[in-house]
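Accompanying notes for the structure given below.
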Amino acid sequence: MKKLATEEREGMSLIVGTVTHWVCAFIVLFGLYIVAYGHLTPGGGFAGGVILACGFILLMLAFGRKRLAAILPLSRASALDCIGALAFWVLATAGILFGGGVFFRNFLPLGKRLRLWSAGIIPLCNVAIALKVCASLVLVLVALSVLRVKAGGTDEDFITDIEEK
Amino acid sequence: MDPLPLLVAVPLLAGFVLPLAPKHRIRLTDFFALVTSAALVALAIAALRQPDCAYHVGGWGPRAGGPPLGITLVLDGASKLMVLIIAVVTFAVILYSPSYMARFTGKRKFYSLFFLMVAGMNGVVLTGDMFNLFVFLEIASIASYALVAFGCEKQELEASFRYLVLGSIASYMILLGVGLLYAKMGTVNMAHLSSKIAAAGGLAGAGPVTEAGKASALLIFATTLFICGLGLKAALVPFHAWLPDAHPSAPTPISAMLSGLLIKAIGVYALTRVLFTVIGMSDVGTPTLCNLIMVLGILSMVGGGFLAIGQQDFKRLLAYSSISQVGYVILGIGLATPLGIAAGLFHLLNHAIFKSLLFLNAGAVEYRTGTRRLDEMGGLNKRMPATGATSFVGSMSIAGVPPFNGFFSKLLIILACVAAGRYVFASIAVVVSVITLGYFLKVQKQAFFGALKDKWQHVREVPTMMAASMILLALLCLATSALMFKGPRDFFLGHAQRSFTQRQRYVDRVMRPTTADARESTERMD
Amino acid sequence: MLMNLIVVLLMFVAIGAVIAIWTRDLLSALIAIGVVGFTRTVVFVLLRAPDVAITQVVVEVLLLIILIRSAVRREVHTVEAGRNAPGMAVAAAFVVVMLVLGVIAIRELAPFGQPLEVRAGDAPSMTYIKEGKNQTGCGNIVTAVLLDYRGYDTLGEATVLFTAVVGAVVLLRRKSRKSADEAAAPEPAAEAGPAIDPDGDQNLRIEQEETE
Amino acid sequence: MVYLLCLIVFSIGIYGVLTQRNLIKIILSLAVAESAVNIFLVLLGYRTKGIAPIDDGTAANFAGAAVDPLPQAMVLTAIVIGLGVLALSMVIAIRLYHRYGTYDITKIRKLRG
């Protein structure tokens, strides 16, 4: 815990850094694969989104919050959270406009079976969900991990401030 | 365009967009929230004008005699009534919120959670699918857990945590119940379940499936789980422990929403829908179940009423009185007669209006004086005429004084009890009504009448918007008395009551095969 | 064979749950919860539910990170168990009644592993399996159910997560109420107190943990 | 037998929620109860010698062998809902700790006064 608290100096050994870079690349790649092939193989938007979030969390654990904030500032994570949810909402309601007035109609052509571009809106939904899940989990985890609260403290001892800036 | 999915989609959109609103344009956020809630009222009225129907999401309706493949939304008398109440009370509360919430930070997220809660309630009310019911119940519940703790003070956090723990137990019980029904019947669609349970003989176990006329233990267990789970959400008396802390702790607009709408939409309505439509409480002779529900109602009525008497905290008193009044609703519904259900729903509608009004009154007093203790107030009528007058209307309505709406609905409930031969229950209802009158007279006397205390000499009336929202609700208290007359009563209450008692029509509506589907699979495949 | 294996694993889950709830040491409890979670994943794999297993395992990892990073502090390592006796008795009575009703009820369930068409031939799931790939173009039937047949549920599920996250963030804000003069201003310049750097990073002061 | 074990784990979780004093322990008990329900749902969908409900065109008799996909879809939803509830309850617990300096719910009630 000590190491995590005073992050940027102690977590930064060369080995950890190098390994994290590689592992992180694989995690992100794996997450993207799980998302993109969610309609053909096991997995999907939620699992993929959580895996992508794990990639970011690994970055945070290894390099500290500053580094993560450089890649994905919390304000942007919060915005991406909303945008992911909105994208899913748009896909759902698009059926009313383009799918003969039916909510949640899969209005795109289904395409060839078992290809990447098939199954209509399902892959798009997966992408939207992944974006949403990834952003929201990073948000929650960072918010929780920056907490170092003094017991019984006042408001001023409370550290995080994501929302109001 | 069909208003059904929009009733859920519009508040969801507001919930997703509002956190993105520009930070420095608070007025814009307020305005957007107001427009959204006005749109909800318009949609609810549009839904009211529609004939009863089933809406198959994604076009996955029943094919050739089978069950619906996807999730079904059902619009019938009861859901129309609920959607209308939700929209109207939401509009009044949103009208009240901009001024009241100005003292809190995080207003955009407040509105976001608020509309997510409304979306959850609308989803619960409209759904025709048990698992979907669970999901939307969770949306509404989680938003309310967060909103109860919105102020982040000691008491609020503690109340919210207890609410969250008990609410989650309730949710998992409901989920387990859904799982058990699925295990037996292989479906989660309410209409499909309903027809299968009816074929199996229902709770009485008269059908061929259960052996030798014995009641199905599995169905009994599932029913118990639903009563416990949804009873917890509705805060019926053995399960009420969370409510007296949670409802007063929330910011006032949320207290009004929780007491006025949430416990009814995700508690009472969902319980009624499950018991009548799915389990078949009205069709099958199930005196035990009806008695159990009525006893729960009586316990809530008496328990909530007696606990309310001693309260000095205005909002806490209102919270206890909510338990008591929900008891009336449950009593009426537990009678399972057409008159009883109609009376219960009438009281539900009335309670939504006057309880949210009274909470808004309590908030208005707190807004200007900074206290919720009744013994510190006094003579506020002289300084806050609008608040005083509307709270008088609200108190008299809830106490059951004619010509306000509460009188008529309580009268109907008592009449229904008498008609069903339940004289003891009827007399208890009368006694509790007198108790209610007693503690609301106390509220009026201590807070609004009498001599104005010196420290309140400089108190002013609340801002116009807040006053307008209270006046709107007070007028509705008078207007809904009109439901006593035959025409409106048949249109609203009779229609709503029939949607619970006429189970077969519900099943037929949902299971009717959809006309030739535009998107037949073969056409679209290569 | 498979059933016996699952029974053993479920017993493992039950033991893990007992340890997690009744151990005095918080860290052991979290480890036990981790064991429960990963055993659960194995059960899902054995039950031919790869989608659920993948989601379960990643959620479990994340859940443990959340719990360990935020819950385990130096000053609270051990916990006192038990509430007052009457409360425990009521809880025990409630649970026992539930359990008895449940045990009677589950005797009516079909035996484990019975195919669906035997007990409910008209179940929607039969259509999903038979027609799912043609009707949705999606080979993974679970995804087809999740995002097409019952996409509305998934919208609800995404909303639940969104709600929880908005709720969590709003509860972690620094100041919840404004001071009197801020509230009096008709349109405050900033919604919350002090001016803060846009990325919020300057704000995240890191305090040393209290030394023991 | 398998169903019975699920029910027992569910009861353990509920009992833990009702009797534990520590906020973190209460949250863990909730997670236990939730996982019992999830396992129960997936167990319902299994069929003897079943295959995963993923139709990649290789299984000879897919329609006659695939396990029930609907409970799996429901469990996926339930898992994510459980995660959301857990995150929110953790946040409330941490704020409570911040306010009261303890995770013990009986002490919190006393402090509230």
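A few notes on this one:
In this document, chain identifiers A, B, C and D correspond to the written order of the chains, with residue numbering beginning at 1 in each.
Going forward, a residue touches a chain if its C-beta (ideal position, glycine included) is under 8 Å from a C-beta of that chain, and two chains touch if they have at least 3 such contacts.
Keep in mind that this is a model prediction, so the values were computed, not measured.
Common neighbours of chain C and chain D, listed by label, are A, B.
Interface comparison, A-D against B-C: more C-beta pairs in contact at B-C. If each chain is reduced to the centroid of its CA atoms, chain A and chain D end up 22 Å from each other. Between chain B and chain C, the centres computed from C-alpha atoms are 27 Å apart.
With centres taken as mean Cα positions, chain B sits 35 Å from chain A. Separating the CA-averaged centres of chain A and chain C is a span of 18 Å. Across the assembly, chain A contributes residues 40-42, 44, 46, 78, 81-82, 85, 89, 92, 103-104, 106, 110-111, 113-114, 133, 140, 143-144, 147, 150-151, 157-158, 163-164 that each touch 2 or more other chains. Touching two or more other chains at once are residues 12, 16, 19, 57-58, 70, 105-106, 109, 131, 135, 138, 142, 145-146, 149, 152-153, 183, 521, 524-525 of chain B. Of all residues in chain D, those that touch two or more other chains are 14, 52, 54, 56-57, 70, 74, 76-77, 80-81, 84-85, 87-88, 90-95, 99-100, 102. The touch graph of these protein chains is complete, with an edge between every pair of chains. Across the complex, chain C meets chain D through its residues 2-3, 6-7, 10-11, 13-14, 17-18, 20-22, 26, 29-30, 33, 36-37, 40, 43-44, 47-52, 55-56, 59, 62-63, 66-67, 70-71, 76, 79-84, 87-88, 90-92, 94-95, 98-99, 102-103, 106, 109, 112-116, 123-125, 128-130, 132-133, 139-142, 144-146, 150, 153-154, 156-157, 160-161, 163-165, 167-168, 171-172. Across the complex, chain D meets chain B through its residues 10, 14, 17, 23, 26, 30, 33-34, 37, 40-41, 44, 70-71, 74, 77-78, 81, 84-85, 88-89, 92-93, 95-96, 99-100, 105, 108-109, 111-112. Note for the complex: chain A touches chain B at residues 78-79, 81-83, 85-86, 89, 92-93, 95-96, 99-106, 109-113, 163-164. Touching chain A in their complex are the following residues of chain D: 52, 54, 56-57, 76, 80, 87, 90-91, 94, 97-102.
Against chain B, in their complex, chain C makes its touches with residues 98, 101-102, 104-110, 116, 119-120, 122-125, 127-128, 131, 134-135, 137, 148-153, 155-157, 159-160, 162-164, 166-171, 173, 175-178, 183, 187-193.
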